[in-house]
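One chain, subunit A, appears in both complexes that follow, with subunit B as partner in the first and subunit C in the second.
Let's turn to the complex of A and B:
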């Protein structure tokens, strides 16, 4: 029983992490139809800046709100700096070109950001695990479990609710839906499409950096974390369906629980659970669980 | 000029390449061997790019070839170079034939990232199963035999160079013939309009599957040739940055000709050799910036400059 509880808690924590890192990728793809290969690098930048802010400004006993505030600040700084720059200066010039050119462009940006991260923070691991230890742990059904993962789950749920609210209940959500449905018609209706694109890309960048910043206290940061995150978040959104935030949420929960179960019951499968699920889903539902089939036109 | 004299420059180039080991120093020969071998993997990427398929996981087959040969040395006690190359070729074909069943159903973003995901899985396997693959330590290649006896280190290097030259030329010629064959033209047609190709009664997936397997086999051979030259293989062969390098060289050279990957590959290996020593932390940044420049200003790659020069100087 206790083991099952641990599996469940670990799985939910991992699912929350997966959702935080993949929401931005699927959101950007949903609006712009461009898969941002620099997503993992924005995650890494957010993580490094978040860790730096924590190391400089947060004393070891600081409050939850202060810590979260600092991490959120790091994410917003990275997103506001990198998002509009990448979209306005580079991405905008290739919307009319082939999909593989757009992929190459974001790949080039990812290579550049990879070295920018190394130049700023060096190659030695950065550790900022104070929140993880100082928040203490909670006793639940006879086991002691750290607080921080619960916080992560809370933030993920909050983010999911916020995104759902924005998309379904605000004017902005309607504008996004219009642009996704038809770029040209929404332009004739008076929507400034380029501005929507810049906004959507920046929002995706902030989400990526937020995913990084929030998980900075859990892992030590080393060069190359960006690539892993990109591949894992792609697997999650491929399971859910590219462009679907709900799909990303469901994919995160499925993969999170499956991986946590694998870690405890079939440890040798740990690494492969996520790709195994992805392959199975794609074999039977090529467009993902919540994806829409694209009609090919001549 | 009469067509009968066209072959003379090629003949001179061929002679120069064959006699190179008598003139060039060891490390230049080594770089040329590695560049030539990697050009085979890049050729596979170019082949897929001709059908508008971009892969960020081609190092998967590169590493599969190298490790198939490495495991052949470790468990089967193989030392014959030709047997190792055959093993790597079969491994490249086999793995791509298996994964191709799933991957060829996808285009665009999915195709690129599924390949990336599978290559990262192989990377994980190579790292994790230490007892079989040697983990981060990798596997060592003892000096292979090619049916000749009494090899010193220098003559082994020259032999590997000649082997890469001949085998590479053969594979490049075969790929060139493939490009000029109906099946090769189908790939080009898919690039322009996939649905119309299907309407003509041609199976798009069968053509893509064939191209995918050929690309896998080419990368497998590339992997073992590089492994033999370096004498040692590590999981880094399967890492995403290796796949990215293949894509970069393919774009650098351009997809217009089978010669482009060779030119791109040699250019790349020599520039890296110097640039990496100057500043190791800005190497990827340099690659990224160069890629941006190519995307915006030279969409046809370096090889398109040759075509440009031809049309300007020609009548």
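Let's turn to the complex of A and C:
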């Protein structure tokens, strides 16, 4: 029983992290129908800037709100700087092109951003773990847990609720739904579709950077962290369904719990478990758990 | 007349001085090239660049500058060709061919990844390109084949994990349970295999309570740490390096694993400023962890001063082991060339340099290096281990409880495979 509690706690903490790092990828795809391979780099930029702000402005005794505020600020700065730039200068030119062209373009942006990150922060690991170590810990299931990962569970739940509310209960959500359903018809109804695209990509970029910024206190940051996050994020949203925020949430919980159980009971299958679940889901439901079959327009 | 004599005397003096200067600077050997191009290959990008590649490249840079200041190799100036090791092995091999065939380098020094060393070795023989591996660890290079043109001037990986086992038993002779957490690829698997086989020989009855295999660069180890906290092993052995080592050890510290169990790292694969105090750690050969004899070696001190002057160092003067290994490779080449020149009386062939390097012994910033095994192509080194502690006087982490196991204690004899040697109870080991 105690072991199951520990498996559950670890699984939920990992699931929260997975949701935070994959929400932006699925949101961007949901609106723009572009799989953004630079997602991991936006995550890395958010992580590096978040760590930098923590190292410069957060003392070890900083309050939770002040620390989270700095990390949110880092995410917003990265999203607002990089989002409109990437969407308006690059992506806008390829919406009508084949998916391969879109993938190649975002891959090229990913390579550029990787070098930008190295130019700014270098290659030596950056460590800014004050919130992780200084927010205290709690004993659960007989072992010590820092509060910080559970704080992320709360942030992930809050973010999921916020996104659900925006999409289903606001005018903005209705506009997004209209553009997702048919961009040409939306334009004829008076919706400024290019502006919606810029907004959506920027929001996705902020989400990606937020995932990174909130991760920064837990990991040491080195070049290449974005690539690994992109792979795991893709697995999560493929399980949940591309473009579905709810799917990303469910996918995160499924993967988080499965991986946690694998570490405890079948450590040799740690990594394999995630891709086994993805394979099984895609075999029986190629559109993912919450994805919808899309009719291809000619 | 007086004036004429003075001018004549001046001319004679000038002629004498120029003759003296000309003879003081030794003529290059017959057949010497105008310059000696040496490729230096290390990770200049990617996750291995920070902990290993960049320090190694910088070390090669300052050491080649020193060699040139002192007259070069055999009187010939060395010109480095720095190359990025990043990318899959086939790309690394293509780059090696380019260095040999297009850049026409006299020798290639470097390679940090074991996979790259295994891929490059047969191609070096095929192209007859003198190649001195600078840091990679796998013992397979010379235990599974002979390579006439390939050398490794640092010890192979066996000293990391066997040294870890010996140090652990020196520090905690009554250890009963061990657990492992290692990256799920060749380095992690090899390290654990050598460690647990060594432990079984050295401390029969020791129990393995858990073995965890997260993927390389997994980032988060919370779940694994929870499990280790539940299992409560006496010792947690890991071969993590770089950001994985930093993240794991800091998460372990935050959650009390470092207090509950001894955390033992077989190799300083990261900057020690990021690793919590009380962690037990090793370095592949003396260098970062310098026993007294190496600490006093003038080349060791000179290397630290040169590196600090050009690239800067923390107050603890820590430089990663890859950096020391690259200077060893360059020292080995220098000594071999000069020995071969002396023997041949002219600029030597590649084969003559290779013959001079085999079974040689030379001084380096990491102390005396002996090319003692692998048919004289593989170095043996002592295995120093230490405990990390914070030194308030300098405000940085330093090494304490340093213990160095002699080379003959942690390396197999020439001609014997490492795992066979361990399984047979280390025959011939001199500890």
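Annotations
Methods note: the second predicted complex is superposed on the first by the 291 of 298 C-alpha atoms of A that agree within 3 Å, B and C clash if a C-alpha of one lies under 4 Å from a C-alpha of the other, contacts with A are read in each partner's own complex, and residues count from 1 in each chain.
The rule we apply is simple: contacts are C-beta pairs under 8 Å (C-beta built on N, C-alpha and C of every residue); 3 or more make two chains touch, one makes a residue touch a chain.
This is a predicted model, so every value here is computed, not measured.
Subunit B and subunit C, once both complexes are superposed via subunit A, clash. By the touch criterion defined above, A:119 reaches subunit B but does not reach subunit C. Look at A:133: by the touch rule set out above, it reaches subunit C but stays clear of subunit B.
Of the two partner chains placed by superposition, only subunit C is touched by A:3; subunit B is not.
By the touch criterion defined above, A:159 lies against neither subunit B nor subunit C after alignment on the C-alpha atoms of chain A.
Once the two complexes are laid over each other on the shared chain, residue contacts for A:219 go to subunit C alone; subunit B is not touched.
Of the two partner chains placed around the shared chain by superposition, subunit B is the only one that A:110 touches, whereas subunit C remains out of contact. Of the two partner chains placed by the overlay, subunit B and subunit C both lie in contact with A:271. After overlaying the two complexes on the shared chain, residue contacts for A:13 are found with subunit C alone; subunit B is out of touch. The clash between subunit B and subunit C in the overlaid arrangement falls on one stretch of those listed (5-13, 77-85, 113-121 or 131-139), that is 131-139. 118, 123, 228, 271 are the residues of subunit A that lie in the contact sets of both subunit B and subunit C, per the superposition on chain A.
By the touch criterion stated above, subunit C contacts subunit A in their complex at residues 45-47, 49-51, 53-54, 184, 210-215, 217-220, 222-224, 226-227, 229-230, 242-243, 246-247, 250-251, 253-256, 270-271, 274. Residues of subunit B touching subunit A in their complex: 49, 52-54, 56, 102, 105-106, 108-110, 112-114, 116-118, 120-121, 124, 128, 193-196, 199, 240-241, 244, 247, 251, 281-285, 287-289, 291-292, 295-296, 299.
Subunit A meets subunit C in the complex at residues 3, 6, 9-11, 13-14, 17, 118, 122-125, 127, 129, 132-133, 137, 141-146, 149, 215, 218-225, 228-229, 259-260, 263-264, 267-268, 270-271. Within the complex formed with subunit B, the residues of subunit A that make contact are 29, 35, 37, 90, 93-94, 98-101, 103-105, 107-112, 114-116, 118-119, 123, 227-228, 231, 234-235, 238, 242, 271-272, 275, 278-279, 282-283, 286, 296-298.
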